[in-house]
Structures are given as structure tokens and as C-alpha cells.
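Quick one: structure below, then a few questions.
Chain lettering (A, B, C, D, E and F) follows the sequence in which the chains are written, and residue indices restart at 1 in each chain.
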């Protein structure tokens, strides 16, 4: 129902994240699926995660510029692996401070990319305040970009559906899986993208196990007869706005 | 993703409701859409609504048997208009008392109809206790019907998705629209089915207005560019189990 | 707005409680206020609290009949002190088991008393299951009594407002004060009624302190200028259905 | 209970809204009722809604100053129709940015108007961030204005009750009707005020339908016997602080 | 603070579960820890899980008696491995129907075992109604067993703390980890007990992965400096009643 | 489990509060207990409560500097009575405005004091916005202080458990007692500390009554057999992060 563009315009996905690595762990499958369908995916990393997500590099004595460069490089390789483009807003993390200027840059990005789908963090995370901050700016900019009266370049956007990807500690963050996305066919791509993030090697298996577990849950909610792959892998999402449907299924 | 049947078996929808009229007001559009796609829709009316939903007939002096016959007739004509089959379990309403026997009859119906989709009431309704009672039995029977160890005829079922249709006072019943179903193309059919319920004539316009309002909400959540009909009509649903998806949209 | 009766019929309040003492501690002020206005108050005690609320009597070696008689006597004197009539349904407590027959007796009482106001327990109490059981029956009977099709004697009732009185451990029971009732002018009456419950002497001061504390809260929510008594005493209530108003105040 | 003023001082209502049109759609009935009782109503419009609520004017090519003038004119005529005074704070909308200075201006207005009742937006609105921003400032300023230590002109205020009016998409905004206000007798006035907002003509019938629906709900919660007008019209409100009562009704 | 018994009485834990396998997957670590401290653990299995949790046996053509015997044997061996005693109430599963008689048997068990700690299922599980049914009876019986007036043999009990173990789909069941129990030192015992449940071999690794994940969460919430084992394993619990403490830690 | 320090380092508690008096009323018992165990307690008062909590002094005509001096003196004497050290950040109250600079000062304090336990306000308080503001900064600074990349002096901290103390109107602030701390043995000390706050004499008995009530609740949740003092006094806390445990008790 969302083919709003001219026939020659591919669908567009915008991913708004706090730190350079978030899009890989939490939404790498959705990104790879969209890219595999020939769609355009743009990832906005508000920060590099240089202070809050780079403990090992700091312990190894690297300085701020080195760490940013390292994180940028990793994220660019991971995005390329997934088939997406990444933009760094370098707003400074830990804490990530929302400002009207930063929101304005996101509005411009919304208008430039004209997303059909938006992915971002959920509202709460008691372990990292940057994630809720990114969430708030992503949602606010989406609304502002819809208004013809908002002074930014580009066309106003529609009201693209929003999906929240899964936080690191879902039960502590009020996260309930509302959509289980089958990522089996792009799993190898997601795993390769994760392996671009050498500094967080301990998370490779953690997020592999999560994909298996969400896959088991997908199968349990889909019933036994669906001809699913024996080993289904999945990502979980929340959907804060109503789904628009032509059919209940 | 839910085409579990052999190619020649049409998809099946099971609607479990408390009273004879519920399926028309709350889910008539979804039923008509499924029927229009050539699918099978079976409606289980646990009661005729003979005591709690038939005030006018009682005031006119009709007796219990007359009222049941009247409600049955209305519901059968409405179901035929929508293209569905209706089954009456005649369990007695107001209050509708859950019993193991009644649940068992529902299990048998699940196994007989092998539903791909289940529609029923949401969990709460502070104005009518029969609706939550039907909700509980519908959900319990769905789980029991999945177990090979449960002693009932027929094949076990999968885990069909469940949708809750909209109660009469949504804000008081914890109802939040999670799916907005576009029923524009079958609207005339739904209106005709409503008009089969002559005893509740005051609700015809009420539910027409609701369809308009949900349509406006659908348009607002879909964005301005979708080529929707100028006057979109819709029904709202909740989805208590996760959606299984191949694509975020 | 709720003067539904002929001019000569006083307003009527129905209080539905689990145990013989509940109406005193939790709603004695509201009952005394209504009685002081010349209104009719009927208290339905579903049980005497003979098993779950009479530990001292059991320890003293009294038997079941003695304890019931004791509790009945105390409750009757307390009700008389407040100016209300009490009815005992003697349904057996701890556990209080909901049955269709017991609900039916409540429906009859609703139709007989034609209440303008209903008071009962809130939905949850993790320390005593009889309170939620009484709550559920009180609400169900209120709905059934409204239906002309429900087979019971007497006239159908309207939709009287419902108030939940305060449980013993409010924060653990999801209780949030939504109405603070000023009971200052009938406080001495409530205290005297409490003192009729000799077996629970330790609660006299407990509920006096609660009345003081709710009075402080009333003053804090009312602002400093209201000419309230220096020592305001209050009871707290929840209101599950919308208030009908002619003015916002 | 809230007649805190000298006998000659009429009661005062303060309405704090984000945009120039909000008070008409959402609280026009309450305002007209208060004015009809001879009370004073002051409306604070934090912005004109010039960017986020004026799509048609922007599409017609009007500039910012023109749009502000247009919205001011419409709002002033609507307020006059209702019998209220409107103040424009012109803080800039979409986004409306909370600042200490803006809150301070609201504190001054609280102290100037000494409200007996406060109306404002509820806490959440996933479709417009200006509404929650106005909500937060309205509540914060109310608390600050109560403190003798807060450095602003005028007398400290009491703790006036607060009511949240209904958002455009109530079920998506956590809005549950807690007060249903009967606005039947001032309905024609509210309709005329709505018709002052020519740019939003499509909302005239939308909010008429809402008033009818809330009226039906009022009747359903009031019972059948109340001698209400056949066609009752109503507005819904939430009440975040406890109601102070002399009687349960 | 809970050493209520004479010095020579070991502490007692009562585990109330719906099906024969539940105590192993969900609370095997807590049981093994208590047993390793020389405490007494009694497990009440309300059913064998013969209908709802034995799909493989049914598919293999076993009959009801065979399946019950199989499940009993597995559960007894697992309990022995953990160091606990298991009691089978054989109440019939899928659905497990709460009855006063069954609750009464649980009351007797509470009085017999005089538990210092109670473990049971949480309140909700949208995938299996037997778990909430067992939850309700476990909590109700605990309250009844405290009352001297309840007619059952044995001494009344105190108010032992209750813990809810983790359901199979925690995010869908409203489960939030409130206590993370370090089971590292008894992990091998729990694994051996799981391996007694041959019919559910696919869950061995599933619950091993869960223990690892809860262990990671324990470490994250405990801080980096605690001298924890490199590979900490844990179980998660909810605590519905307040913790009684001599120290905040 | 939290003895992270060298044997000679006493445990450390950090209390972060909005106003000078908060730590006495709400956490005086916990502070006195820790001090009595020979531990270190540091109290950060973000403001003196000079504007919002000093109505009497303003009415007596004191000026800002005098009031700050008065509140500082009272708080220092109360802290000394409890055995704790107090730090004043003098950030200005009513409203307390969160700033990156103020958060940074808190981060430095976390790193300096290396707390094993953190006490602060809960998330919501509809009667005083300074409390939630202090809450947010306390939690944010705790997370920032854990990151090696955050540029502040001192060692990074672990993840100390957090406890929320009880607000003035618990039911209105979403406060549910999750930990009941027995403060009987230090009650006289807490009472003496309260009496240092001469300007709020009306709260002495209010918080004494609260301690009695929480003590009654502690006894009710602990069971009758625990050998508790006849008059147990207690403070209530919430625990937002999971408890780490070696034993369920």
C-alpha cells in the first residue's frame, strides 16, 4: 500500500540511531532485506559512540579522534556489507544532547530521503540515555518534516510507518515483540556485517543467539505448517503507529 | 506467509462472538473482504444476545423463544449478506457463563474450520461482561485445539493470528487501534448487513460514522500520497500476538 | 444530576462488601454523610468474615456459629450507628466463591434498592482474594440489573455511578485516590461505628490516622484558600466510570 | 467548594493551549458554559499554529506574518463568540520549545488570573509534539505559581483542579474519558465558534460528530432516567488530580 | 530475617507448578541451591503435563496412562537430581481447571511444608492457560493457609515471600527480571536435571542459553568489579510482594 | 556480593536529592543504618529548597540569602545527626533546571565517592517538578560515570544498585513499596534529625506516622513469626534495576 513513488523510484528506508554500531546489531537483517529487494537504505548515526560504546579503545590508550575514525571505518564497512549508505552527524555521545539544530538536520534528511519506512530506538532504555534521546529526535523530526510550514529544503514527507528495533535488555526497556521479521535469507550478510565490528567481538555470538531465539518465537507464533526453514532467524520490532492493511493476516 | 493449506483449500477465518449482532457492527468489513476474496468465514455466536441485547423486543412483550428466533433470523440474513456462515451455540447470555463443555465445542469448531485467522472480542469491557467471557473462551479454545493430546475430533490446528475487533466504548475498554483495515470496497455490503438488524436501527449511523472516523485515521497514518479513495472507510483491530513478516511495511 | 426518582423518594446508596467490617473502615464516612442527608443506605455483606477476618475469635476458641453471631452483631450496631441498613448474604468467606446464584441475589438487591450510587471494593488486592471476588460480583450484578431481559423481580435500574473504596494496602493494590471525600462533619459518627468492632481494636487508630492523612491530601489538592476545617478528615475513592458533569470544578 | 474569592469576584478559568485553534475544537463547550455562568475565561495560546496547523495557508502561498495574522484573527473571533479573552504568547510552533522564560510568562498569567479551574492538553500525543510541550509548561507553571518564593508579580495561587481536554486521536494518546461535560445548552455557541475557523472547515463536522458521540456516552453512563435532552452533546476530559467532594455522585 | 523455625528445622521451599517439567527449566537452579544449603524443597506438580506438554509421546502413539507414567518418572528423576521431593496432584492439564478441592489440597501442603519461600508461575502467559491457573491457585492457597479460621489440618503459616519464575516467552507475558539469582555453582546439577527430560531434548540448549544470557545481565547489573565467575549463569525471578530488608544492597 | 573495595575501604552510599530536607524525611533511616555500620554516606543536595520548600521563611520576610543559609544550617545539622556528609550544589530550585554542567558535577561526585548504593527520588511527582528533575540527573550521571570515555577525573564506577525513596504522595506518584527497610534500631536518630528541620515542624509527626505504617506493612509481609520488635518502624523504597542475589529470601 505504500508505493507512493513513481514506478522508477525504489522504496526508501531511513534508520536513525544513536551510535555507529546500533544499526548492525539491532536492524542489520531488515536493512539487508531491503537492500536485497533493490531498495535504498540510509542510516543516520547521530554519534560514533566514541565515549559510551568504545571502552576497549579507551583502555588501549587511543584518543578521541582515533576512536571516532575507528568507529566510522567499522560502521562504513558494515553498512556497505548490508548494502546501505551511512551518514554521520557527529553530535557527540554519552550524553547525546538533543538540540533544535540537530533535529533540524534530521528533518532535512527525512525530506531528502523521503522514507517509506523509518527504523529507530524504542522510547526507554535504563542502561543508556543516548538511545531514548535518539528516539525522541527521530520521532520529532518525522513529524516536523511532514509540515509544509516547517522551513527546510525539500518536499514534505508523508507519514511513513515507524518500527522500533530491539534494545539490548528488552524486558527492562518495556520492549514487546510486535513484529517478527524473518531474516533467514540474509542472515549470512548480517553476520558478516557484525564481524566488521571487531571491537565488539563478544556481541557476535550474543546477537546470533538472539536471532535464533526470535526465530524460534516466530515459528511458535506462525504455527507448525508454514514451510519455514528449519532454522529460522528473526529480528523483533515494535510498531507504535497502527498498521494500515488491506487484509487481516 | 500463511498459506498452510493445499492449493485448492481456500483460506479460513473463524469469528468468535458473544451475541448474534456483534460480528456485523464490529467485523462486518473484514468478513466481507475475506468472502470477496473467495475465502471461507465461519461465525460462532455463543448466544443470541436474547437477554442483554434485545431490550426493545422485551419491551414489546415478546417471549424468550420469540426473541431468540428473531435474533437468529436477523443474524443469518446478515451473515448471508456478508458471505459467511453462522453457527449458534445458544449458551445463554447475560451472563454468558464459561464452562468446559462450551470451550470444548469451540475446540471442535477450531479443528473443523482450521482457521488461518481468528477474530474475537478484546479482553475488557466494563459495560458488558459477556464480551470478556467470549474472549477468554475463544483464546483458550485456540490453544487447546493446537495440542495433539487434547481429546477432540479433527486435526490439530497451527497458531493462527488473532485480531480483536473494536468494542462499543473503545477508550473505556483499553482498546488501541493497532491495525486499520481498509473496508472501502465492501462498505456497501457491510451497510446492507447492518440493515438486516432492524431492532438496532439506531446503530446503523453510529457504526457508519465510526467507519468514516477510522478511515480518516487510516489516511492520517498512511500519509497523503497513497492514492486512497477520497472517502476511505475502515475498521480497527488489535493484534495481541506478534505479526510474522517478510518485510517491514 | 442523578435525581431520577419522584420528588418524595430519597436517594439510595448500595454498598457491596466482602466481609462484615469492611463498610465501616473503608466507607463509614460516605455512609454517614448520605444518612445525614436523609438518604437511604443499604449494605450488602456477602459474608461475615468469619474465617478470614476473625483470627482473635478463633484463637479464643469460639466456634463458627458463635463467630458469625458475633460479627453480625458488631456489624449491625455499626450500621445502625452510621444510619444504614445491613443485609447479610452469608455466602461463606475465605474463600468467597462467586456463583450465579449469589450474583442473582445481588441483582435482586439492586432492583429492590434502585441505587443512585454504588460503593464496592477495587479490582485487586494481593492480600485477600475475597475483596476482588466481591468486586467482580458487584459490578456484574449492576450490569445484569440494567437489562429488561434478565429474569428477576423489580424494575430495571439505570447506570448508577460506582466508587471503589480504599483497600488496606493501597499502593500494593493499584489504588490511586481519584475522589477525596470530606467526612469531617460526620467523623465522630464514623469513629463510634469503628468502636462497635471491638475485635479489631488495633484498627481504630489505624483508620483514624488514614482519615487524617487523606484530609491533609484533600487540603493539598484543594488549595489553601477554601475555608476548610483546620483538621479535615477524608476518605479516598476511585471512580471507574466517567463522571457526568454540568460544570468543571 | 472552590469559591475562594470574595463574593464579588467571578470564578476564573485559565486555558493553556499550544495553537490558536485548539481551545475551540477541544474545550469550546466548557468555555462557553463558564462564560454563560458569568465567569471569566482566559485563553493562553502559546503559538498561532502558524507552521504546523496552517497547511492550507502555506499551500496558498501566504507568508509567515500573513498566516499569524490570519490565525490571530480567527482565534479572536472564536474566543469572542465563546465569551472569553485570548492572549497570544507567540512562542513559535512546530516545534514549540519549552524555555524558562516562556514558563515564567505563564506563571505571571496564573498569578494574574487566579484560576479556579485550569484546562490544558494531556501528556501524550504521538502526532504533534507541541501539545505535550504545552502540557508540561502549563503544569509546571501552575506549581511554580503556588510558591511564595517564586519571583513573580501577583499573589500566589491555590491548587486549582486541572482538566485535560480530548486530543485528536484519543486512543493513540492514552486518553480515557474521566469527565463527560454536558454542553447541550451551549452547543450552538460552540458550533458558531468553530465556524470562525474557516481554514479548517473539514473539522466542523468532525467535532460535531464527536460531541454527539460523547453525548451518547454520557447518556449511557448516566442511566436512562435522567431527563436528559434527547440529543445530548458532550465534551470529554481527564482529571489528573483527585476530585475534592462533599458527596459521592 | 526469615529464620522462623526452631534452630534444628531447616528452611523450607515450596514450588507450585502446572506441569511436571516446569520446575526444571524455570527454577532448577534455585531448587539446587536450596538443596545444596541443606534446605528442604517440595515441588507440587498440579498435573503431569500429559496433554499439553507431551506432543512427541502422543505422536508416537502412547496412551494417557503411559504418558503420565513417563512424565512422572522423568520428573521424579529430575527432582532427585536437584535434591528435592516432588508431589503429583494429577489434576488434569490442558485445561487445568481450578477447583476449591484442588486449592484445598494446596492449602494442606502449605501447612504441612511451612514454606519460608514460595516459587510459582507469573500471572500471565498468552501461550498456555495452565500456567496462570496454577499461579492463581498457588497465591490463593498461600493466603488461605495463613488464616486460623480456614478448616485444614496443620499449623497456620506466616507470609512467606513469593517469587515468580521466568515463563517461556517473557516479553509476551509481562515478565520483567526483578531478581537475578546466581546459579553458577549448581549449574552442572541443573543441566543434569534437564537431561532427565528426554522428551524435550530441544529445550536443553535453549535453557542453557537463557542461563548464560541472564548471567550476562547479572554481571551488567552488578558492575565490573565483583569478582564474579567469568561465565556466570543465572535465573530470573519477579517478586510481587515487598522485600523485607535490614540493609539496602 | 557488593564488597568491591579493598578490605579497608568502607562501603559508600550516595544520596542525590533535590532539596535540603528531602534526605531526612525520606531516607533518614537508611542513612543512619549505613552510618551505624561504619559506612560512608554522602548526600548531594542539588538545591537548598530555598524557593519551593521554604514558604514559612518567605512569609516571615527573610531574603534569599538568609533562607539559603537557614536551610544549609538545618541540613548540615541533620546530616551530622545521621552520621553523613552533605554537599550543596546550589543549582537553584523551583524550577530545578537540568544542565550538562550540573550533571557533570554529579558525575564527578559519583567517581569521587565510588558508591556501592545510590538513593534518589522516583521518576514522577505531580506536585513538585524538582524531584523528577533530580531523579533524571542522578540516573544519567550514574550511567555516564561508568564509561571510561567520559571526560571526568577519577576512576569509573561499577553499576551500583539504585533505590528510590518514598515521595510525599506515593499513590499519586506511581510509587509501589518494593523494599521495606527495618529502621527500628535507628529510629531515635532519624527522629532527632527530623527535629533539626525546625521550619517544617508539621512534618515531624507526619513522617513518624508513615514510619509506623510502613512498619505495620513490613510485619504483614514478613509473617507473624519473625521475632520482630513489637513496634517496627520502616522506610519504603523502589528498586528499578534487578536485585542480584545468591539466595531467594
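Definition applied: a residue touches a chain if its C-beta (ideal position, glycine included) is under 8 Å from a C-beta of that chain, and two chains touch if they have at least 3 such contacts.
Each chain and its UniProt protein: A, B, C, D, E, F = PIG-L family deacetylase.
This is a predicted model, so every value here is computed, not measured.
Common neighbours of chain C and chain F (chains touching each): D, E.
Interface note: chain D and chain F, two copies of one sequence, contact each other through mostly non-matching residue numbers (shared numbers fall below half of all numbers used). When the contact pairs of C-F are set against those of A-E, B-E or A-B, over half line up by residue number only for A-E. The most distant chain from chain E, with centres taken as the mean of CA atoms, is D.
On a Cα centroid basis, the chain most remote from chain A in this structure is C. Compared on C-beta pairs in contact, A-E and C-D come out with C-D as the pair having more. The mean-CA centres of chain A and chain F are about 38 angstrom from one another, to the nearest whole unit.
If you average the Cα atoms of chain A and of chain C, the two centres end up 53 Å apart. For chain B, residues touching at least two other chains, in rising order: 127, 172, 177, 217, 220, 241-242.
Judged by the touch criterion defined above, the protein chains form a pattern that is neither an open path, a ring nor a star, and not fully connected either. A list of each chain pair in contact follows: A-B, A-D, A-E, A-F, B-C, B-D, B-E, C-D, C-E, C-F, D-F, E-F. Within the complex formed with chain C, the residues of chain D that make contact are 1-2, 4, 13, 30, 33-34, 37, 116-117, 119, 146, 157-161, 163, 177-182, 217-218, 220-226, 236-237, 239, 241-249. Only residues 127, 169-172, 175-177, 206, 209, 213, 216-217, 220 of chain B touch chain D when the two sit together in their complex.
The touching residues of chain B, when paired with chain E in their complex, are 100, 103, 139-140, 143-144, 147-151, 240-242. Chain B meets chain C in the complex at residues 50-52, 54-55, 58-59, 67, 94-95, 97, 126-129, 172.
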